[in-house]
Structures are given as C-alpha cells and as structure tokens.
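Shared chain: subunit A. Partners: subunit B in the first complex, subunit C in the second.
This part shows the complex of A and B:
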C-alpha cells in the first residue's frame, strides 16, 4: 500500500504539473489567435464603441481619476453635451489605466493605445483559465481543460475580444466566468470568504458591463430553484446572503448604477430571493427547535402566502411607479415584437436581431450539438452546481436565440458543457486498460482529498440536510438523489473495473475520428477569426485580382482631412454610427454619437438628412453645423453605407416627428426603395440622397453610373446641391464631406442665389443656357 | 376685361344663391343624417350610394371617417371582420351628440360605384373626408403599417380632426367572471396535477426533457422563425428550395432539418460518452460504436455542406 501511495502521489503531482502546463499553453493560444487583426492590419482601435472607450481612457490617464468621474463632455451631443462620468461603465478604462500606471511605474514606457489594443486578448487568456476553474469545479479537471481549450478559440467569443476591439465585453466575459466560479464554489463550500470574492468580482463586473443584470438575476434564480427543489442548506444561506449584501453595496458605488439596485425591476428578483431565503432560514431554524407535523404544514402555507404577497406587492409597486419598470432593451427580450413597434432605435441595431441557425453554427461549430449532451450530464448528476449549469444553459440559450448579441454570454457555457461531454467521452475511449484503473483510483483519492479539504458536499451535507427539508413533498428528491448517486458511483466503479469490451481498435478509430472533428473545429475557428472577426471595420480589406491584399483606408483618410482642415470648434453632422469615431479621430464636435441616450436629438439629425434642402438648411443653421458627413458605398460596394441605413433613420425620426417625416414617401409609386430613375421624389429631394449621389455620375462616361451596393443604375439627372459645397471625398468615395454654406450676404435664399449665379453664366454661352435652364426646371 | 368686370358682380350673387340653397338643404340633411344615425345601435351611419353623396359630397362642416369594407362572406375578408369591432370601439368613444365628426361604414355591396369613384382596390380601408364645400380627395389611413388596433386608429382620427377624445372600450363584466373562473380552475387543476402527476413534476427526467428540447429549439433557430415568420420553403428555377443562401436569413423548414441533424449528432455523442458503458456484448458494442460513429460523421459532413449553401465562401468540407 505504501509503495502504491507514493506512486499515486508522484502521479498526482506530475498530473497537476501537466495540467498547469496545458492550461498555460491554452491561455497563450487564446492570446495569440486574437492577434490576427494586428498582423493583418495594424495595431489600431476597431469599430465604433471602442473609439469612445479609447478616448475616455486617454482622458482618464491624462486628467486623473477624479476628473474622469466628473467629466462633462462638451464635444459630443452638441449643443447638449454629455455627462460622461455618470453615464458610463468605467471598468474597462480603469483596468487599462491601472495597467498603464503599473507599467510606467516599472519604467515600461508603453503607449496607452497599445494597452487598449491588447487588453482584449490578455483577458481572453484569463477567460480560458476562469472557464477551466468553473468546469473543474462542476465536473473534472479534464473537462475543465477541454472547456478551456474550446473557449480559447470559440469564434463566438473571439468576435468581441480580438486585438483592438477595446470594448466592455472584452473584459466582462472573464468577469462573468470568474464570478460564477466563485459563486459555485461558495455554494459548494458555504464559505463566506468565497462568497465575498463572488461579490468582489460582481462589483468589478458591474463597473464594466451592463450585462451584470444577467448575473444578478441568474444567481437568485439558482437560489430560488434550489429552494424549490428542497435543497436549502446553510451553505446556500451563507453564500447568498454574503454575496447579495456585499454585491449590492458594491454595485451602488458605480455612479451609473447608483440606486438602481433598490428601485428598478431588474434587481427586484435578487431582493425578493434574499427575503425569501431569510424566511426559509428562519423557518428551518424553528423547525429544528420544534419538530411537529402541524407546524410543517403551517409553514408551507405561510411560505406560499408570503410568495404571493411578494409578487402582488411587486406588481402594485411597479404600477405605482415606485419601482421603475423594465428597460425597453430588457423588455424586448421577453416580448419579442415589442422593440420593433415601440423603440426603433433598439430594433435598428443589427446586434439586436434574433439569431438564425447559421450564426449559431458559425460561432460555435461542433460545440452546438455537444451542448445539449453536456446539459444531459448535468441532469444526470444533479448537484447544486450542476443545477446552476443547467439554469445558465437554459437562460443563455433563450437569450441568444432572441438577440444575436447575446451569443457572447452563451459561448462560455456551451464550452463548459461541451467540455463535460468530451471528458466523459474520452474517459471511455482513451487510456490503456491497466493505467486506467490507476487513473480512476487517483481521481477517487483526489476527490476524497479535495472533499476533505473543501467540499463536505457529497459525504456529509445530505445527511445533515435530509431531516431538515421543508416540505414532505420535496423530501423525496434528495433522498432519491443520494441513492442514485451512490448507485451511480457503484455502477461506475463496476464498469470501470470490468470495462468489458472496448477494444484497442475501437478506441483508436473513435479517437481518430473525433480528432478529425476537432481539427475541423480548429480550422473553422481560425478561418472565422481571420476572415470575419479580425477586420477593424475602420480599415477595410479587399483582394486584388492577383490575390494580394488591398487596403481601403477611406475612413481614416477623411477623418484626418477634417482634423487638419477644419476649424477647431467646427461642428460635424453625421448619423450617430460615426459619432465616436469622429470624436476620437478628428477631435471635433459632433451632434450625436453611439451613446444613444437622447432619442429626440438623434431623430432631429435623421430629420435633417431626410428633409429637402430648404428645410434642412434651416435645421442645420439652428444647430450650428459646419460640416456634414455621409458614407457612400456605391462606388466600391460597401453595403453598410448611409443609403442602406437611411430607412432606419427615417423610422427613428418618424417616431418623433410624425408630421415632418413619413416613411411611405420614401418609397416610389410601386412601393419600392429605389435609387434609380424610379426614385421617389421625397427621397430624391432629401439631402442624404443628394449628398450621397452628388456628382457620382461624373465618374462614369455617358450615363453609365452604377451603384454597386444597390445593384442598379443611378438617378440619371444631375443633382443640384445649393446649401453646401463638396469639400472632400475620400479615395473610393466612401466618405463624403460637405461644408454648409453661410447664408447669402444679400439675404437671398441659397437656392435663388444659385439660380442667379448659374443664370449669369448663361450669358456667356447660349447653348449651355438652355441646358442649364432645363436642369433647374427639373 | 368686360367679362371679368361682369364676374365681379356675379360672384357675390352666385354665392348668395348658393348659400340659400344649401342653407335650406342643410336642415333637411342634418335631419336625415340623424335619422340614419339613429337606425344603427352603434354610433355610425350605414351608407349606401345615395346617402354617401348626401353625407360626403355636399357642403359640410364636419369630418367624416369612412370605413370601406366588404362583410359579405363571399369575399372572405378576414381583416374586415377583425377591423369592424375596433372601428366601432373608436366610433362609440365619440360623443354621438357632438356633430363635428361622423363615423360611417360603406359596404361594397351597397356602394360599388363609390368604390370605383374612390379607386379603392382593396378592403378594408379607412378614409377621412375633411369639411369642405364639395368633393374632396380623402386621406387614407395606412392600415398595413398601423395594424387593425383601435389605439392606432384613434390617433389617426385625432390627428386628422384635431379633436382630442379618448378611447373607451366597453367594460366587459363577463371578462372578469371569465378570468375569475380561469384562476379558480387553474388552482384546482394545479392541485389535481400535483396529486396525480407528482411523479412527473418531481421527476428529474421530465425536467431534463423539457430543458433539453427547448435548448434544441433555440440553437436550431426556431426563435428566429417565430419572430420573423419566413416562408416555409422557397422556389428557385422551378424546383423547391429548402435552403436560402445568405447568412442572416432562413426558411422555416431549415430549422427543422437542422434540428434533426443536431439531434442525431447529439445522440451519437451521448451514446459514445454515456450509453456505451452499459453495453456488455462485445460484438454488439463494436457494431453499434461503428454505426454511431458513421452517423456522427455523415451528419457532421451534411451540416458542413448545408452551411456551404448558406455561406458560399466557406472552405471546409468533410465527406461530401
């Protein structure tokens, strides 16, 4: 025995070492695979929101923390301005600010931009470690390693964490997983220290991402379901009470969250569960003191009554507007038709669309069918932590189905369950018969060891619990469960010891074919990463005929032009999508940006773009606009341009200005949205159309202008633009900048001035006069 | 010039004349309208061609909201039937003694010529006629966009007439009884269900089946189908097409096919990871493992192939 014990010890040690090495390699892999965007393009901040985060981080680093918290940004939302300090989640900025300070303390003079660019990949490495911890907590270490490997390269997560995508989600998936890890662990052990860790990471999560709502509803749901299952325990009480109190106090420290945990409906489930748990705890304490049947039934009824009173009280308070109702974004998750009808600004964002099946497959590949199998295993061994896994899987699957964006929260749990599935599978098919027995033994001893150290769950707690169960109805499940568990243990042992007939040949073939499947997964992930998710979207890439890469850098080109050539206090009007980029790169004042806090202001900008020149000019003057900027993809086939987004702009402004803007006017007589000669007159007169197609025709000889996005010819008559001058169009005509004219100095309207000017020219050339006149009449 | 001069005198004369004529008919007219209004139990006028001219083509100082519809069963107009009670809700919310707005209904049977005149091609339609001295071009209510709800309709009426009034749905007391009945029935049935189906409710397996099947539905895109209502399948080049090319769209049948494939793959994983332990016979084991493995690989290749249809740039394939 002694000899074998030593062997086991050394085996266990080398196993641990191997485990750590593998995990480290996985984390490094997670980091490296996200660098493709830097390799392909350059170290640049991506997309839209990251530009704001970057700008805010710069402000934080330059001006200091306290100034950052009270930052009033005058450059955005002209003329309103924006209270930035109180309306953002500062987690990501503070994280990179701290890293910056620490590195500079050690004299690494690294630029803040590089920290911002590489923050996502670094946290992705940490995420895979956190996933490992969570999975090994609910299953085995090998499952943990599988899960970590899956999550390291799963495209669903890579999409938000490639180098340069400096967004809240980049760090918050790590925080999500680590919070859940500590939660599961604290429920398992009943340690208030671990629960405090949960609360700490929850606080960090609250500071980083609005998705913390998911945590503060999922954990109470877990507690509630455990109570329903009759699995109340002191561990649960300690864990949840500690977590809720500390976590709520912590979350209230974030200015943007403030008193929301006490007043909004999103947080009420947590509060209610907290109250319920106290009552249950009190009741179970009483029952320990007075064991009698009648008390039990009384208790049961009292609990039901309290529950109903709580729910009705909640509804009444909500009706009386003491508790704020759910926000529209959250509400649209449950009533799927809600957003399109009432809040077009939410429905317009492509991230908020429901998810078609190709997206699931694209983001998770072979993990998709493994996901339900993992859930099956969680059901099979129904421990407290597996209940958590089931609830997380279920809710995340639903949310991901409703909103593409929430694929992000689904991805980690899919990796966890797939890891569980794979570890069971390879338990069957890997390893020699001889060594397998020892491995099993090692695992068993391990379980016993760790059980003694930290988890009294399986051997001790059910015995303590079973006499204390609330209702007689519920007593069945844990007992059955215990029996099941024991029998499972036994059968497993038997199976393993017998391990009847899985021959080497079967093992080899199964392992090889699964290896093939995993190779496909890795190829798929690499392909997706390099083709779909590594594009910074501020720099576009296309291929030349010979296959070499052609970089389209129109955005930065145009932004730099503005930076160099406009006055410092110039106000630039564009659709809100480009607000953050404009502010970040040109350092000029914008009217609206991606923080869509003021719907009316956005609708006003939409109205400007949708009105004809006369009305638009009035509005533009009222808002002191100096430059107007539109994206036009017709020349190179960039489909995300403003003409394609225009219908959403119209819908948003129609919601606020139903008199001035009407969607139906922008369709032609056949009810189509066209830009060729059958264009509707209202669309033709709108300045958005004019700004997009102004002189576009001149690029092509004799009326052959072709819009490569819409796939049609364009409106064939020349476009008159009298209220603004074209000052800049980028290389591929992607960005077009117009300068708004000053009012005419002798008080004419700009249109009549333009007519007059062109009329004067008429005198010189009689031939062109007729032509010009015709044009004006049109 | 002479003509214009003579016109100068003529216009006041003419208008005086007109005024007299209409003043006379006005009284008659309003009486007639009241009579018509009294005929129907609700606050609307049932029109035919004659009354249509009387109500709408004569000089008037009131707004008219006209519902052009076809209630005859031969037209099979489902929306007409759904719209009618909503329209009546709005009409009844208006005070019948207030003469500023009239609500009217014109059925296709009673006014084919009017439909022709107004160039109404489809029913139902809601039109607004503003006060005027004669024939006016009506404003159409955008039904396809606003839907059949009374709330949207009343907004339209308020906007067009400029008179604020609130929608008053008739309180339906039977509804309360109905809900009360449902609640009681629910409580009783829960009691019964708990008694008889305790095994099922407490049973782990039933919960597992429920959870796993909902997860399956979600991951194979049924939510998208539920929200977007795509066609079941399409037609291209004369053949039935099951898969639409394009990443963000799908047919309803796609989800079903994908669901079956996913279930097959999941079962093969399940067999390999769990059930395989329970097989004791060596031959049986070997055969089943190979069969399951074959199913796994075939389904996986199938899904890669289908994914290639969706996204033409996808470079990977396994068996075919």
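This part shows the complex of A and C:
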C-alpha cells in the first residue's frame, strides 16, 4: 500500500504538470490563432467602435487618468459635444493604459497601438484558462481541458477577439467566465473571501461592458432557483449576500452606471433576491430555535405579511417613479418586434438582428449537438454548480437566439457543456478496463479532489464513471452520492470481470469518430477565422483573377486625404457609422458617431441626407458643415454602402421628423426601392442619391453605367449637384467627399448661380422647373 | 424582521407564546460572543432604518452619501452575519473548509473592500 501511495503521489504530480502544460499550450494556441488578421492584413485597429476605444486610450495615456475621467470631447457630436468620461465603460482603456505604464516602467517602449491590437488575443488566452477553471469546478479536470480547448478556437468568440478588434467584448468574456468561476466556487465553499473576489471581478466587468446586466440577473436567478428547490444553505447566504453588497456598491463607482443599481428595474431582481435571502436566512435561524410545529404556523403568517408588504412596496415605488422602467434595449430582448416599431436606431444595427439558424452552426460547429448532451449530464447530477450551468445554458441560448451579438455570451457556456459531454464520453470509451490499477487510482483521486472529498485511499476500481452506466437512481446530495459510489465500487471489485463491458471494437470506433469530429472542428474554426472574422473591415480584400490577394484600401486613403487637405476645425458630415473612424483617423470634428446617445441629432443628419438640395443646404449651413462624406459601393460591389443603409436612415429620421421625411416617398410607383430609371422622384432629389451617383456614369462608356451592388443600371439622366463640389473620390469610388459651397456672394440661391454659370438663361430654367414640378404633381 | 412578526400575531395567545419560546430558547442557547454580535447587528439595522427614514422624510440629496451610508450598514450587517455563520462550530458540517480563524481573515478582507468603496463614494 505504501509503495502504491508513493507511486500515486508521483503520478498525480506528473498529471498536474501535464495538465498545466496542456493548459498553457491551449492559451498560446488561443493567442496565436487570433493573429491571422495581422498576418493577412496588418497590425491595425478594426471596424468602428475599436477606433473610438483606441482614441480614448491614447487620450488616457497622454493626458492622465483624471483628465480622462472628466474628458469633454468637443470633436464629436458637433455642436453638442460629448461628456466622454461619463458615458463610456472605461475598463478596456484602463486595462491597456495600465499595461502600457507597466511595460514602460520596465523600459519596454512599446507603442500603445500594439497594446491595443494585441489585447484581444491575450485576453482570449486568459479566457481559456478561466473556462478551464470554471469547468473543472463543476465537472472534472479533463472536462475543463476540453472546454478550454473548445473555447480557444470557437468562432463565436474569435469573431470579437481577433488581433485589432479592440472592443469591450474582447476583455469582458474573460471577466464573465472568471466571475462565474469565483461565484460557483464561493457557493461551493461558503467563503466570503471568494465571494469578495466575485464582486471585484464583477466590478471590473461593470467597468468594461454593458453586458454586466447578464451577470447581475443570472446570479440572482441561480440563487432564486436554488431557494425554490429548497436548497437554501448557509454557504449560499454567505456567497450571495457578500457578492451583492460589495458588487453593488462597486458597480456604482463607474460614472456611466452611477446610481442605476439602486433605481432601475434591471437591477431590482438582484435586490429582491437579496431581500428574500435575508428573510429565508432569518427563518432558518428561527427554525433552529423552535420546535417545528409552532415554527410552521409562524412561518405561514410571516410569509403572507412579507409578501403583501413586498408587492405593495414595489407598486408604490413604481407609481412614485422611484424605480425606472426598463430601457428600450432590454425590452427588445423580450419582444423582438419592439425595437423595429419604437427605436429604429437599435433595430438598424446588424448585430442587433435576430440570429439566423445557420449562424449557430457557423459559430459553434460541432459544439451545437454536444451542447444539449452536456446539459443533460448536468441534469443527471444536480449539484448547486450544475444548476448554475443549466440556468446559464438556457438563458444564454435564448438571448443568442434574439440577438446575433449575444452569440458571444452563449459561446463559452456551450464550450463548457461540450467539455463536460466529451469528458464523459471519453471516460467511458477510452477503456479503463484494460488499464492498470495505478492509472485508475490517479483518476480516482482526481475525481475525489474535484468532488471536495479528501480521502486518499479510495477503493481501487476499474471504472470511474460506472454510476453513469449502471448505477441505481442517484440522490441529490453529493455526499450521499459519493458514499453510494463507494459502496458500489466495493461491490464491483468482486464481479470485476463479469460486469457488462463495452468491447474494444466499439471503443475504437467511438474514439476514432470523435477524433475525426475534432479534426473537423479545428478545420472549420481555422477556416472561419481566416476567411470570415479576420477582416479589419477598414481594409477590404478581394482576389485578382490569378488568385492573388488584392487589397482595397479606400477608407484610409480618403481619411488620410481629409487629414491632409482640410482645415483643422473642419466639420465633416457623414452617417453615424463612420463617426468613430473619422474622429480617429482624420482628427476632424464629426456631427454624429457610433455612440448613439442622441437620437434626434442622428435623425437630423438622416434628414439632411434625405432632403433635396435646397432644404439640405439650409440644414448643412446651420450645422456649419464643411465636408460631406458618403460611402458608395456601386463601382466595386461593396454591399455595406450608404445607399443600402439609406432606408434605415430614413426610418430613423421619420421617427423624429414625421412631417419632413416619409419612407413611402422613397419607393417608386411600384413600391420598390430602385436606383435605375424607375427611381422615385424624392429619392432622386435627395442629396444622398446625388452624392452617391454624381458623375458615376462618366466612368462607363456610352451610358452603360451599372451598379454592382444593386445589380441594376443606374438613373440615366445627368445628376446636377449645385450646393457642393466633389473634392475627392477614392480609388474605387468607395468613399466620396464633397465640399459644401459657401453661400453665393451676391445673394442668389446656389441653384440659380449654377444655372447662371452654366450659361443658360434663367427664365427658361424657371419654366423647365415649373414643368418638372407639374410632372411630379401629376 | 421580528417586529413584523410580532404585529402579525397580535390576536392569538398561542402564537405570542411561540415568540416567547423563541426568545427564551435564544437567551438560553446562544453563547455570549454571539449575543454581542447579534446586538451589534440589531444596532446596525437601527442605523439603516434611521437613515432610510431620514431620506424618506427630509429628502434624498445628497443621494450618493445616503447610498454610501445605507449600503455600509447593509454591508456590515451581512459581513457580521457571515462571520457569525462561519465561526460557529455547529456549521462546520455545512461549511467544512472555513475555520474560525479563516473566517476572521475573510471578514477583515471583505470589510476593507467594503469601506474602500464606501469612502470613495461618500464624497
């Protein structure tokens, strides 16, 4: 026995070492696979929001923390400005700011841009470690390794954390997982220190991403469900009440969140659960002091009184408007049609659309079928932790179905459950039957360790997961369960050879097919990463005829032109999508940007773009606009251009200016949104249309102009643009910049000035205009 | 909470005696150091109630300060309750890993975190 104990010790050690090495390799893999975007393109900041985060980080690093917190940005939202310090989640900027300071302290003079670019991959590595911790807490270590490996390359998570994708989500998935890990662990042990860790990571999460709402509702839900299941324990009390108090006061420290945890309905569930838990704790305290008969009658009456007080209190508070109602963004999670009707600006963002079925497969691949299996295994062994896993699975699955973007919160839990599933399968099919007793022992200790039982000399048995295959009905309590298992092991010891076994061939087939599936998963993930999620979207790639890559760099070309050629205080008008990029790359003032805090202002910009030249000019002058910028993909077939987004712009401004902008006017007589000769007159007169198609025809010989996005010919008459001059169009006509003309210096309208300059007589023009007017009226 | 329960059982003599039993049992079975903790908890609850009533009657400005004060009350209450639960040897079965010494350390760490937040919030 002594020899085998030593043997067991050393085996356990080497197994731990192996575990650490594997985990480290997984983390490195997670880092490396996200570098494809740098390899394919270059080390740049991607997309839209990251540009703002990058700019804010630069400000933080250059100006210091206090200036950052009180930063009033005059360059955006002209003429309103934006209180940046109070309207952002500062977590990601502060993280990279700290990394920057630390590295510079040690004389690593690394540029802040590189830190921003590589922050996502680094945190992805940490995420896989956090996932390992969470999974090994709820299941076994091997399940943890599986889950870590899955999450390291799962496309659903890679989409938001490739190098250069410097966005809040890049760090918050790590925070989500580590918060949940500490939560599960604190419920398991009842340590208030671990609960405080939960609260601290929750605080970090609040500072980093608006998705913290998910945590502050999921954990109370977990507690509530446990209470309903009659599983109140003192550990639960310690864990939740410490977490809630510290977490709440912590979250209030973030300026953007402010007092919301005390006033808004999103946070009320947590408060209610906290109150309920106090009551339950008090009741259980009383039960210890009382004979059960009289306790029951007392409890009944107390419950009725508390219930009445609670309900009336909630109603009174809502009547007095002390508790704010839910925000629209949250409503749209439960009523998917809500946003479309009431807040088109939310519905217009593509990542807020409901998820299409194929994208589940695209983002999760083989994890999709494993997900329910893992949940099933969690159901089979209904511990407190597994209840949490189940609740997380169901809520995240629902939310991922509602919004594409929330696929991100689903991905880690899918990886966790898939890890659980895989470890069960391999435990049963990798044949411990034929292996030697020592191996089994190591497994046994691992099982025991993860189950928080410290009995080193557990019985030697060939099958670890025998309960799964041929056990009697399981009991809920893990202790009793373990005892049962032990006795079963003992009994199995005798009839070792007779117990029903799986033949070697079946094992081989199952194992090989699973390996094949894994290979396919890796293949798929690599393919998706390199083809779909590594594009920085400010640099586009296409293929030449010979298959070589052709880089389309129009955005940066045009932004750079603006940076070099416009006055420093120039105001640039564009749709809000490009606001952050303009601010980051041209350093000029923009009217609206991706922080969509002022719907009216965005609607005003939409109205400018949708109105005819005369009205637009008035609005443009009122907002001191110097340059207007549109994206036009018709020449190269870039489908995300402004003409395609135009209907959303119209809807958003119609929501605010129902008199001036009407969506139906932009459809032609057949009710279609067309840009060819059947274009509706209102659309044809809008400056968006004119700016997009101005002189587009001149590119093509003999009137053969063809819009490659819409797949039609374009409006054939020449487009007159009198209120602005085309100053720059990028190589592929993707970005077109116009300079707004100053008012005519002898007081004519710009239209008549243009007519005069073109050498025609005014009178005739007036006639023709009248004629046109009549035609429209007809 | 005990006040609510008292009011709910005014009519029947039977239940008054229940509360009496509860009280007697408590006095009898609780060691002295827990009684001190309990009286501290009762004191904190009083403080919280006073602050709440003040806020309700006189007005909630400055709101941050009120929240800081109130949450520090709730927080101290919860942390003392944790300490009381964790250091109680009767609960060793339910919370096996936490020794009484550890529970004091936990209490200390959590209090430091709580009061750091409170101080930064009180303005």
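As a working rule, the second predicted complex is superposed on the first by the 675 of 778 C-alpha atoms of A that agree within 3 Å, B and C clash if a C-alpha of one lies under 4 Å from a C-alpha of the other, contacts with A are read in each partner's own complex, and residues count from 1 in each chain.
In the analysis below, a residue touches a chain if its C-beta (ideal position, glycine included) is under 8 Å from a C-beta of that chain, and two chains touch if they have at least 3 such contacts.
These numbers were taken from a predicted model, which means no experiment stands behind them.
Of the two partner chains, neither subunit B nor subunit C is touched by A:83. Contacts of A:531 after superposition: subunit B is touched, whereas subunit C is not reached.
Of the two partner chains, subunit B is the only one touched by A:402; subunit C is not. In the superposed model, A:235 lies in contact with subunit C only, and not with subunit B.
Residue by residue along subunit A, subunit B and subunit C are tallied for touches, and B comes out ahead.
Of the two partner chains placed by the overlay, only subunit C lies in contact with A:191; subunit B stays clear of it.
Of the two partner chains placed by the overlay, neither subunit B nor subunit C lies in contact with A:719. By the document's definition of touching, neither partner reaches A:99: not subunit B, not subunit C. Shared contact residues of subunit A with subunit B and subunit C: none.
The part of subunit A that touches subunit B in the complex is made up of residues 336-337, 353-362, 366, 368-373, 375-377, 379-380, 382, 390, 393-394, 397-398, 400-402, 421-422, 424-425, 427-429, 473-474, 476-477, 495, 500-503, 506, 509-510, 513, 516-517, 520, 523-524, 527, 531, 663-664. Across the interface of their complex, subunit A is touched by residues 142, 145, 194, 198, 202, 204-205, 207-208, 211-212, 214-224, 226-228, 247-250, 254-255, 258, 262-263, 265-266, 269-270, 272-274, 276-282, 285-286, 289-290, 293, 296-297, 300, 303-304, 307, 310-311, 313, 315-316, 318 of subunit B.
On the subunit C side of its complex with subunit A, the touching residues are 1, 4-5, 7-9, 14-15, 18-19, 21-22, 25-26, 29, 63-64, 67-68, 71, 74-75, 78-79, 81-82, 85-86, 91, 94-98, 102-103, 105-107, 109-110, 113-114, 117-118, 120-121. The touching residues of subunit A, counted against subunit C in their complex, run 189-193, 195-196, 199-200, 233-235, 237-238, 241-242, 245-246, 248-250, 252-253, 259, 262, 278-279, 281-282, 286, 289-291, 294-295, 297-298, 301-302, 304-306, 309, 452.
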